[in-house]
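Note that subunit A is present in both complexes that follow, paired respectively with subunit B and with subunit C.
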Partner chain A sequence: MDKEYKSHYYSHVVRIAFFLVIGGVLAVVARGLFLPDTMGQYGHYRGSNIEEQKNVEVRNHTNESCYECHRPIRLIHKAGVHQTVSCEFCHGPYADHIQDGKYVEKLPVKRDMEIKALCLRCHNKVIRARPEDSIKMVAMPQHLEEKKVQTDHNCNQCHMVHDPLLWIKAAREMMGLPMKEDKK
Partner chain B sequence: MIDIKKEIQKDRRAFIKNVLGGTIAGSLLLVIPAGAALDSKLPEQLPGMRGDDSVFTEKKFVFIVDVTACIGCGSCCVADKNEYNVPDGNYRTWVERYIIDDHDEVFVDSPNGGLDGYTEPRTDIPFPVRDTFFVPKLCNMCEKPSCVQVCPVGATYKTEDGFILIDKDRCVGCGYCIQACPYSVRYLNPLTRTADKCTWCYHRVRKGLLPACVNVCPVHARKFGDLNDKTSEVYRLLREPHVISVLKPGMGNKPALHYLGLRREVV
Partner chain C sequence: MSVAAHGDTAAAVANYIFPNDLHVHWSLMIVLYPYITGIVAGAFIVSSLYHVFHIKELKPISRFSLLFALAFLICATWPLLNHLGHPERAMSMMLTPNPTSAMAGFGYIYSAYMIVLLLEILFLYRPTVVALKEQASGFMRTVYGILSVGSDNVSEKALKLDHKIISFLAAIGIPMACVLHGYVGFIFGGIKANPLWATPLMPLIFLLSACVSGIAGIILAYTLIMKFTGQPLDVNCIRTCVKFLWGFFILDFVFEMLELFSHFYMATHHWHTLETLYSGPLYVSFWVLQVGVFSVIPFFVLMALSLINWNDKVIAFFAPLVSVMILCQVLLMRWNVVVGGQLMSKSERGATTFHPQWLEKEGILPAIIIMVAPLVILWILGKVLPFWQKDDPAAQQVG
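Our next item is the complex of A and B:
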């Protein structure tokens, strides 16, 4: 009885099986073609990317790299209270100046009011969020009035930017004035 | 002089070969970069990293930001922008200014991400200021990173030594990770059209250098080191009693970025 209702045509099954196999083969081929070689080497990512990440160019060096050539500044900068300030903060990144050990370009020199702006980035008393006692803060133009100089004076007229107390100390010594207690 | 003439007469071809070879070799010396020699000149700020060619290091790096020390000068932001040529308007690291008045109202601002420093005081605070401080922000390098979990193409991944990195070639710029990050440290780089973020200067660390922002911080508010090294400053800070915490601990991401002296108002 059952036999009568059973179809003898299998072509549709064969067709489906055929397309499934083709699809599977295509998927495997596509995977091989499009998936990067090192994908899944260490996890679900391209393993060779770690090597690429390691080889990103180092553009900022350390102060020591600058001192290699700029010897006179080294003596001043390393001895003064600004020794923790990075050269590259004010002058720009090392890589713009030196590439592969060779001179490329002069870094821009800060002048006039640019210098004042740089000083006040750290030393502006008006910004109260800074922790007290950490560094010396000044309010402008009160500081200038206090020191009895004209209010259009620039910071670097009294302070050597690489060691802000260098000239002050020298002047005090010359005048025989007592040295102020160093704050840290 | 006599020798040279003799040499030429003996074998003209060999002589020309030698002279030419010497000239070419000499000129090549001028052209070939002295990159390797330069690298060795750099100080090794992280001991044992230079010469470590293994894929993953055995170290466990942590980053500690001392909120009580930060003066908001923006050195870190400048160094970061220079290191990666970050496009304007995007920030891999930035410094926020928090102001809390005596009505417990919190005001936060970060003009240009702190890149130009803080030049003006805020004048729009209605009540007397109770507390004010700076909070530098950067990638938290989570132990359970949400960004890695959502990436559909495996472009963002976590290395075995704890760095979350982005494969620029693999990223399709869908922006899922940017939405998933609870700390909003990711941005879509308009030049490469891929996701980008702070890497704790992976390339510098692997060469034995401190991250660019840590290296330039004038007040040592940013600290970076190996937690497996029992003599390191970060180990001492995390072991000894301090007010130390992470951002959004409730998110369960377990960041490796810790804050020293963090106030509860900071998000």
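Our next item is the complex of A and C:
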């Protein structure tokens, strides 16, 4: 004997289908509500983001910005093999130093052992991805031993950091030693 | 002084590594993401073997495996949300679907599969829920009321309609489970810049390892739950599972090896890098652990379990044991693919290292939490919907 039920045999299916449709409608409504207005204005991104990106504070400058004030360094830096190295690479971002054309704070200057860590960031032979013919790679303390100096020496005791070969060349000239041929 | 004392460059880095290749960005979380979705897809396949292909022996675990899949599916997004940060932005992917981005497709693929899985569970449990609602009171009565979608009709006609819908959902669920996990494999297989990943075999390997890990997960969970609740184990069901596990594992292992072999045999200019990767940083985790310990041993154990007519005790002991090994194998495979692919530099001349930390945001502890969460969810699901037929008031009424 069949039991009497309150619901039709298909009522749950109808309800589930109804909820799925409602869910779909809600999704479309939600998309209309939450989709940023400028989405797709130029491409698959929010058009207004371009304006936001334009207003992002510029923190990094080129070397020319630094040279406007630091004239003597400009002459040394532009003459040496470090001429293509950005000032900010060692000294930090321009915006920490100058804001709206005015001096704010001194940038940190690396000294002592910090100098060694700074130089080795590029010149460490461990980083073997760097081709030897474009940048001098050294292993420490091997380099110091080869040059017959004490192994606790800092890089800037022999190398002028803005023009690393400046003093080396001057010393060779004074001693009348032959100059090494410049690498290309 | 040692080399390391003169700079903070990691001494473990070998040969030529680009600076942007030094750090492994796709961390443990991205290892877990395919692992969890794989378990979901595999568990769903187990259920479909009964519901679609009518493998009668799998009846005891056919409903459990759906809830098992649901518990893991709920957590499948967690590693991604943790990895990317800003989980509140996840919905943008749904608002602005991008047809040209494979990664952006996840939201829709995941949601569609979730809907199918939820519907199948809803229809499958409807008679149970209707019977449970009669027995329940208070809050649980409301819960069962919602789950039964306000219908009390469990007449033959209604159940027949339900059965048709369940068969349909299970049938479309199979390709959807395959799409969900094949898609995860495609995410890696489609990255042409990485020779370890870029192979059309990747979706297939991911899919097969998904089936393997899902079946193994079900065997392990089923035997452990039965053991700890003191219920009798349906060893025939385990035997059938083991046979399917062996079958899928043969395909999985063979394709994993074929992929490697085709790299080796074609010996393109990438092989040099892959070779150093497999013989270097991945030697232990790939050759020793994934292939040696956790593939070859389970392969023969599964073969022995499938081919020889052991008594029940042997099956009940070795099936969960070999399942643990298979689960390790799949986890190692995810690790070797996801992390392994990032250990080599795009320079194709060097390798970096990766050591996950315990407490970092994407470290070992968060990984453990994310892997335990589905089990907690499963336990909660078990409180609402009975896993087994014998706890089902509807089944008792019928027979």
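The rule is simple: the second predicted complex is superposed on the first by the 135 of 184 C-alpha atoms of A that agree within 3 Å, B and C clash if a C-alpha of one lies under 4 Å from a C-alpha of the other, contacts with A are read in each partner's own complex, and residues count from 1 in each chain.
Here is the rule we go by: a residue touches a chain if its C-beta (ideal position, glycine included) is under 8 Å from a C-beta of that chain, and two chains touch if they have at least 3 such contacts.
This structure is a prediction, so every number in the text was calculated from the model and none was measured.
In the superposition on chain A, A:Ile76 makes contact with neither subunit B nor subunit C. When both complexes are overlaid on chain A, the residue A:Asn60 reaches subunit B alone and has no touch with subunit C.
Judged by the touch definition given at the top, the superposed model places A:Ile16 against subunit C, while subunit B stays out of reach. By the touch criterion defined above, A:Arg31 lies against subunit C but remains apart from subunit B after alignment on the C-alpha atoms of chain A. Of the two partner chains placed around the shared chain by superposition, subunit B and subunit C are both touched by A:Val126. By the touch criterion defined above, A:Lys6 lies against subunit C but remains apart from subunit B after alignment on the C-alpha atoms of chain A. Counted by residues of subunit A touched, the larger count belongs to B, out of subunit B and subunit C. In the superposition on chain A, no contact is made by A:Leu166 with either subunit B or subunit C. By the touch criterion stated above, A:Cys158 is placed in contact with neither subunit B nor subunit C. Judged by the touch definition given at the top, the superposed model places A:Ile50 against subunit B, while subunit C stays out of reach. Within subunit A, the residues touching subunit B in one complex and subunit C in the other are 39, 44, 117, 120-121, 124, 126-129.
Taken in their complex, subunit A has these residues touching subunit B: 36, 39, 42-47, 49-50, 52-62, 64-65, 68, 84-86, 88-89, 92-93, 96, 99-102, 117, 120-122, 124, 126-131, 134-135.
Here subunit C touches subunit A in the complex through residues 1, 3, 5-9, 11, 13, 15-19, 91, 94-96, 98, 100, 115, 119, 122, 126, 148-155, 157-158, 161, 165, 345, 347, 349-350, going by the rule given at the top. Subunit A meets subunit C in the complex at residues 2-3, 5-13, 15-16, 19-20, 27, 30-31, 34-35, 39, 44, 116-117, 120-121, 124-129, 139-141, 151. Those residues of subunit B whose C-beta lies close enough to touch subunit A in the complex are 33-35, 37-38, 41-43, 45, 55-56, 68-75, 78-79, 82-85, 97-99, 117-121, 129, 132-134, 154-160, 165, 167, 169-170, 199, 202-204, 206-207, 209, 212, 215-220.
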